[in-house]
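You will see two complexes here that share subunit A, one where it goes with subunit B and one where it goes with subunit C.
Showing the complex of A and B:
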């Protein structure tokens, strides 16, 4: 039983925030709480962000970043739509090919970063523009729509009428990613690189190949998110993925994965996915505009990085917050090293 | 400038980092115009004590007085204000700035009132003057990254003097220096002492300590165990105070020459202009010494052999297998490991646990076809490493960053030795390690070689090469300058090889 409750202080704080946020919306926002089934159904609105966040986690653990996730998901969805509509391919085969294409685009990111030695930030910023332009060009003027009932089940279906398909897939994937990071050789190498790239290299880790695979994974997950969005709306737009990036990065960072790499885990990311999802939906139902929500999420991203930096050496508890706020001296960074 | 500083006295200092008590009721006084040396094993608390005196750390209890007046050293600039300056273990110059900019960092003089301009003329003049006063001949407009570590230390000295500091603390300055550079540093320390400066000094090397010190304080486990004045220095007494037991390390055993086929053969290894024409063999059970100055190319050669660095020509054969173009992972798998010199940067991953670090060299072997790590074997390897190398820690899940330097070094050792290599290249295996741990590491190396492992020891310490090695290769300017064997490996001969190399 004790393994069910998070042991990391950061994760515990996230649980508290999630509970507080959910309760708050239930009480203050009429129409937010719509029974147990209704609550589960809300997850369909935000889990595409979660799929992207899982893949991004892997990249951020290496100390990198992938800004092209939004355009990859848009492009993948467009590719899928074209394969179905123009070439008459079987829907699920088209889905498979589109997800594969996402992997390929991520792999290309990895090649640019590791072989051409371009900073991940710049590399994926550039490919983001390239991929999204290709998506717009391919999609043409009229967005494809109508992919059939079976395909729609992916985004909106529910098992036994109440358990959303998306949620099941997300939970399975989250467990899989958690296992990948904590239990496999690949995950160990990933974390080593994130903490200390040089030491990983000296220990015989092929740093470039681990990184390339990380960007590939991120591409696959972004593409999958795009497919789920296509299924949810039963339509495809080239710029569909643009909203994914900010929220997904925030989910990863709020989830406790250090933007500098190495530190953090999937449990925290999963909690952060739920927190930001509830926040987005709650704000929407409460009648706030998307702009306000986006602004708030930007602020959360900024403050979660700042909080992490301030408290990383001291642990995260109320006492240290009070001590920190009451003394205005800069953090004694070296103290823990000697 | 030549006012004499007062008596700096720390009394009853306590300091803890988290659960670790580093200093317990330590008192130390630095009398005006003396060279006061701190000795002690790694983790004894020497650096922490100096850092407290320099305002970098704050003590949990105790006070610091200068000439009887209590000081509040809340940060390094407060310490500068009282004339105290710490020359850190790794000089902290900003590489991309010029020497002069580094020296005046935080106190750049300006000219005019608005817009005030930086007075470069004064800066360059004063910087050049203070460096010449120390006998250092470098252009102050040059980037700091072009300076050797020895020169950087002298720039730190000059920084101290520029800030009017007359109490200068040196945290283990000599460990990265060659013999000649140590001589230069000591000459400068003597001159500063003659001018009335108070100098604090940390070193592990007995001969250096007796050469330069006026007074020695020995720390063990965060407490002062002995204090000796000049004239009373006795090697056995100091070592006993440091380690708490007798240590013997003056021995040189001549073993018979290793026979059999070389397990590692290097031919024509080159990467101009760093090194060229490097040929050598190592046989099973042999300990080969690589001597040479820092910058001679010895580390670069070793890294090129192990696939960590580019080479433009040459072949490397390990047990009959050509590994010249293999990846590092494959080279480790084939049985050749390089134990790096810079522990924190290349050796361990500080935030990760002992378990993760001890197994980091063999992840490939721990994962089955599924890619899932074998947790049982991980634990076995980590537990075995802790036991065999007597790592002092709470358990295998403690982060390595929480261990003392000596214990970290043991984890580094265990990490590579648990891969069961045929050949191990150890780069400065005892750098910054205290006398007791040094002896343990020597014993370990001999044990491994007795089991048939071929070992290459890279070292700039004569004593280490003589005590340990069957054969010594001297490297100068990226080339093999001399080779000594068996009974020829004496202080005189190795020293001569050094000098011969230097005369090239």
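Showing the complex of A and C:
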């Protein structure tokens, strides 16, 4: 039991928020708790945000940002639809090629950032609009739809009738990303670059190549999210991914990954994905408009960074003040730990 | 102009006076504008007509105002994505007020500036006091202000404005002088901004912060208050450009500004005009000429029947080109 419980205070707070939010919606919103399977199926509505958030975490850990995730997911879905509809390619081969194309677009971001030395936010802001123009041009006037039953299983299927396929994929991927960041040399180099770029450079880390791969990973995950969305709706729209960006960045930041890079882990991001997903769907079920929900998510984005800055040792450092105050009373601290 | 800027950048490291570079940027842009006008004018003669040229200059005013507001923010090493949302909100609010409660222009103008200043100062508070990176802070407020526009509009849209708004947007302020009022407004704002940036202590503080915020702080500049002022000015200018937009076009919807990606356009204008994305260097003349350039290029694309979906891709490419081809400081790693 001790190992199941998160050790970081930030993650513990997230667990508490998640439990409170979920219970609150179950009690207060009629129609939110829809049986065990029905409630699990809610995750299908928001896990595409989670896939993007996982990829984005890698980029934000290096201290960069990828604003082009929304258009990459739209473009990848459009590419997949065209490969299936116009070229009659096998569905899963088309999915593979589209995910590869997403990786290619992310790699291009990385090339622009590292070779041309454009700041990440400017580079990905520009490519965001370039990619979305290409997606709209490729998609044409009538959005493609109808990709068959087997493909639909990716977005809406459930294993044994109750466990959503998306949730299984998300959990596997989250464990994979967690392993990538904490257990591999590449992951440690990522965090080091985010923590101190110059130190990483002088320690012999090839900063540019690590960064290029990070943007490539982000592109792959964005493309995958686009394909899951296409499967969920059984249709493709070029601007499908536009809603992904704000919520995904919020998930990463609320999850405890420092927006300046070098801090945080995947466990927090996973919890934040669940929190924001439950919040979003709960509010939509309770009858709030999409605009109000988006505004609330924007507010959460700002306040979570503000709170983190207040406590962080790089910011106002409220955390160490509290720690110093609480260490004046050691017995109480021991009691709370056990 | 260059004297004040180089004087301000003296305390910063590797500051070398570049006497000719800034004029070069403006001359290049002007040549590019004439080349586009002549080139497209040969293919489509109506492009060179007086009414079209007047249209292009008029439509560059909104862009130019948004670009000036963005220039100030970029000089401080920041970025303001919420300009388009503030522009849209102000266009919606005052467009509706002018028709539903027939608010006269002289009331709308100060209210609009005040509203923009409040929205902008919230950005400034987030950036300066809560230390949220500008890109994230303004991305958050972009969604907040964009949502406010939707809520305020409540499904309505502006399709006509009161006569005194329309007179401000399309008429001539000085009788006999064939210069539309918005162009005069842009000229006044640009001149004031140029004076503030190059001849006032406040402007030199902005440049110093953009060059090196830590050094500026150590030199006794109140970094937080200066940043707050910069974002406030940016918000007020964005709201003013929204007012000009609704007065000029007579229409506004809930996606005005955000739908046209004005934030992207304003960043493109500032960077094309020679403002350094790394901060510490701004070129207001370049921004104004850049807004005319963007307006001319977009109109040229319309005349050449390029589909509208490619415009934002073109603006993205322009930003990348301006950042990579422009005078780039040597950066590490």
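Heads up, the rule we're going with is that the second predicted complex is superposed on the first by the 312 of 338 C-alpha atoms of A that agree within 3 Å, B and C clash if a C-alpha of one lies under 4 Å from a C-alpha of the other, contacts with A are read in each partner's own complex, and residues count from 1 in each chain.
Note that in this section a residue touches a chain if its C-beta (ideal position, glycine included) is under 8 Å from a C-beta of that chain, and two chains touch if they have at least 3 such contacts.
It should be emphasised that the depicted structure is a prediction, and the values quoted were computed from it without experimental measurement.
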item	value
Contacts of A:260 with subunit B and subunit C, given as first, second, both or neither	second
Touched partner set for A:150, first subunit B, second subunit C, both or neither	neither
Partner chain in contact with A:93 - subunit B first, subunit C second, else both or neither	neither
First, second, both or neither for A:204, with subunit B first and subunit C second	first
Which of subunit B and subunit C A:134 touches, first, second, both or neither	second
First (subunit B), second (subunit C), both or neither touched by A:305	second
Residue contacts on subunit A - larger count, subunit B or subunit C	C
Subunit B versus subunit C as contact partner of A:196, first or second or both or neither	first
Touching partner for A:172 - first (subunit B), second (subunit C), both, neither	neither
First, second, both or neither for A:188, with subunit B first and subunit C second	first
Overlap of subunit C and subunit B interfaces on subunit A (superposed complexes)	198, 201
Residues of subunit C touching subunit A in the complex	79, 126, 130-133, 135-137, 139-144, 146-148, 150-151, 261, 264, 267, 271, 277-278, 307, 309-313, 315-317, 319-320, 323-324, 328, 331-333
Subunit B residues touching subunit A - in the complex, by the definition given at the top	17-18, 22, 47-48, 51, 56-57, 74-75, 308, 327-329, 331-333, 338, 340, 345-352, 356, 360-361, 363-364, 366-367, 370-373, 401, 415
Footprint of subunit C on subunit A - complex, ascending	65, 112, 116-119, 121-123, 125-130, 132-134, 136-137, 197-198, 201, 207-208, 246, 249, 253, 259-260, 289, 291-292, 294-295, 297-299, 301-302, 305-306, 309-310, 315-316
Residues of subunit A defined as touching subunit B within the complex	179, 183-186, 188-189, 191-192, 195-196, 198-206, 262-263, 329, 332, 334-338
